[in-house]
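In the part that follows, the structures are each spelled out as structure tokens.
Next come two complexes built around chain A: one with chain B, the other with chain C.
On to the complex of A and B.
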């Protein structure tokens, strides 16, 4: 006999209701939750697009031109539009959640949520402007 | 082993989520919509290539691509467990998700290292 107890080996069959795979469509906040979780797919999609661009740049001017042409096809325009909306949803939900994930104290007082959220949006604005400036500067 | 590296995976998830939230909307808007639709002129090859010769750009691109991949791996893992009720495939899903993120990171590192 082993010393480990086998709690789960002989347990009686528990009664469990089968939950539908579509459980998250029954309630609006569940739907928002699953949509938020799904944003990660579009985050990964765009990371791969950027990796693809990097490979094109490494291969040379023709490969880069081909990359630009592929992004103009309706399939990619549609995908990028959907991905953009999901990535925006990710950004907004992520910023709004930060004060819940991170409590900051200054001189013993808790920094109010709106300050942390506001700082996130300010950083978002500044960084977006910086990226746009660098990419649109000289050509 | 899984228990040991969970804090690290969570850290990567959260760092990647922050990078994606702060930087992906602008990059995706420009590269995916504004340039292909002709709203703005896409940077030419020489300009981007010149940017890439700078080590800071390379570090930036490494962070920009790699961390969000780990963010995806972590979040998508749980989406599969909960959304599709695949709890019994835990290990396989974890290996596939983090494996894909590692592969993407390795490819990014290789390209950034060898580009000239």
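On to the complex of A and C.
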């Protein structure tokens, strides 16, 4: 942390410490928070890949085959793995935080946090299962 | 079990030095001593010039908040035995100007707190003859958690956003606003919305979540802020879509 003093107006002798740009390395939860914020970049990355895929699909079978070939290059696979891990981190950390924002009351009593989190995970599983079913049923 | 433990304390004497330094005191180790007991031992027996704030010694007044080994704590509820073998580092709370040694200035919080109108607002008070405003246990339950705040400022000291953006009205002030918003006797939610949904209100919060972790009273300010974000966003959508606004 920087020790350069930043004095308070009218109280020149009060000492105010400036926040260092490295504040997020000071403790583990700050670092986890900044990583969680960073995951948005990788969520955007998947959205861009998806748009790229749609464009290739619109351009015909040849362009689509080329797109698929590019996805299978080692460099892209490595990038994909990193992005997937970040998106997983994104999903799990945000799911775990939902009960903080969502307070559901049934007959005047607050629904316990684990139920809210559980419902999120259940919805995730059902949707993923549905997508997997659609993709794999013709195989 | 050691007979003494080292206490490294921030010293800042504005008439003598331009920035804080550390001073180490060797204090007796006792199983039942909290950090505040050790500080009082220093003040009474070793160095009367050490300045710090305290009052109740039982986690009610919220005066003795300091950073212990880097984490904001109520020093009256933090035992020496949890930090063995030491040394134990005691510093003033972060992000507030240091007046002297471990004493910080809380003017900024006092201003923020007043801004959110933490009192029951009624459009019209009913006459005394109609009796008191009654509440069911369930109605009390909706805001009780937020009413436990003792203004100890640990949440501000844990909030990097408050450090980076001093104009942020901060976790405790918002939790206390929410305490009144959710009170069935209160009718001031619209008045508070103006200040809470401004740039320096809830939207500064990026949900680091540390305020909730350090809160000695389990108030959950992070939860209060996120819940209010949902309320404010719903209000905004309604104002946009419904012809009559949110009246």
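Criterion: the second predicted complex is superposed on the first by the 118 of 139 C-alpha atoms of A that agree within 3 Å, B and C clash if a C-alpha of one lies under 4 Å from a C-alpha of the other, contacts with A are read in each partner's own complex, and residues count from 1 in each chain.
The rule is simple: a contact is a pair of C-beta atoms (placed from the backbone, for glycine too) under 8 Å apart; a residue touches a chain by one contact, two chains touch by 3 or more.
Because the structure is predicted, anything quoted here is derived from the model rather than measured.
**Q** In the overlay, answer first, second, both or neither for which of chain B and chain C A:80 touches.
**A** The answer is first: A:80 touches chain B but not chain C.
**Q** Please work out whether A:37 is in contact with chain B alone, chain C alone, both, or neither, and reply first, second, both or neither.
**A** Both: A:37 reaches chain B and chain C.
**Q** Examine A:49 and indicate which partner it touches, taking first as chain B and second as chain C; both and neither are also allowed.
**A** Once the two structures are laid over each other on A, A:49 reaches chain B alone.
**Q** Counting only touches as set out at the top, which of chain B and chain C does A:29 meet: first, second, both, neither?
**A** Only chain C is touched by A:29; chain B is not.
**Q** Of chain B and chain C, which one contacts the greater number of residues in chain A?
**A** B
**Q** Is A:19 touching the first partner chain B, the second partner chain C, both, or neither of them?
**A** It touches chain B and chain C both.
**Q** Which partner chains sit in contact with A:109 here, chain B, chain C, both or neither? Use first/second/both/neither.
**A** second
**Q** Look at A:100 in the shared chain and tell me whether it touches chain B only, chain C only, both, or neither; answer first, second, both or neither.
**A** A:100 sits against chain C, while chain B stays out of touch.
**Q** A:117 in the overlay: touching chain B, chain C, both, or neither? Say first, second, both or neither.
**A** Touch status of A:117: no partner.
**Q** Taking the contacts chain A makes with chain B in one complex and with chain C in the other, which residues are shared?
**A** 19, 24, 37, 101
**Q** Contact residues on chain A for chain C in the complex?
**A** The contact residues of chain A facing chain C are 3, 5, 8, 11, 13-17, 19, 23-24, 26-27, 29-30, 33, 37, 97, 100-103, 105, 108-110.
**Q** So in the complex, which bits of chain C are touching chain A?
**A** These residues of chain C touch chain A: 12, 14-15, 18-20, 70, 94-99, 105, 136, 138, 141-142, 160, 163-164, 206-210, 212-213, 220, 222-223, 226-227, 229-230.
**Q** Would you tell me which residues of chain A are touching chain B in their complex?
**A** Touch residues, chain A against chain B: 19, 21, 24, 34, 37-41, 43-44, 46-51, 53-55, 57-58, 60-61, 64-65, 68, 71-72, 76-77, 80-81, 83-84, 87-88, 90-91, 94-95, 101, 120, 123-124, 127-128, 131-132, 134-136, 138-139.
**Q** Which residues of chain B touch chain A once you look at their complex with the stated criterion?
**A** Listed in rising order, the residues of chain B that touch chain A are 14, 16-18, 20-33, 35-37, 40-45, 47-49, 51-52, 61, 64-65, 68-69, 71-72, 74-76, 78-79, 82-85, 104, 107-108, 111-112, 114-115.
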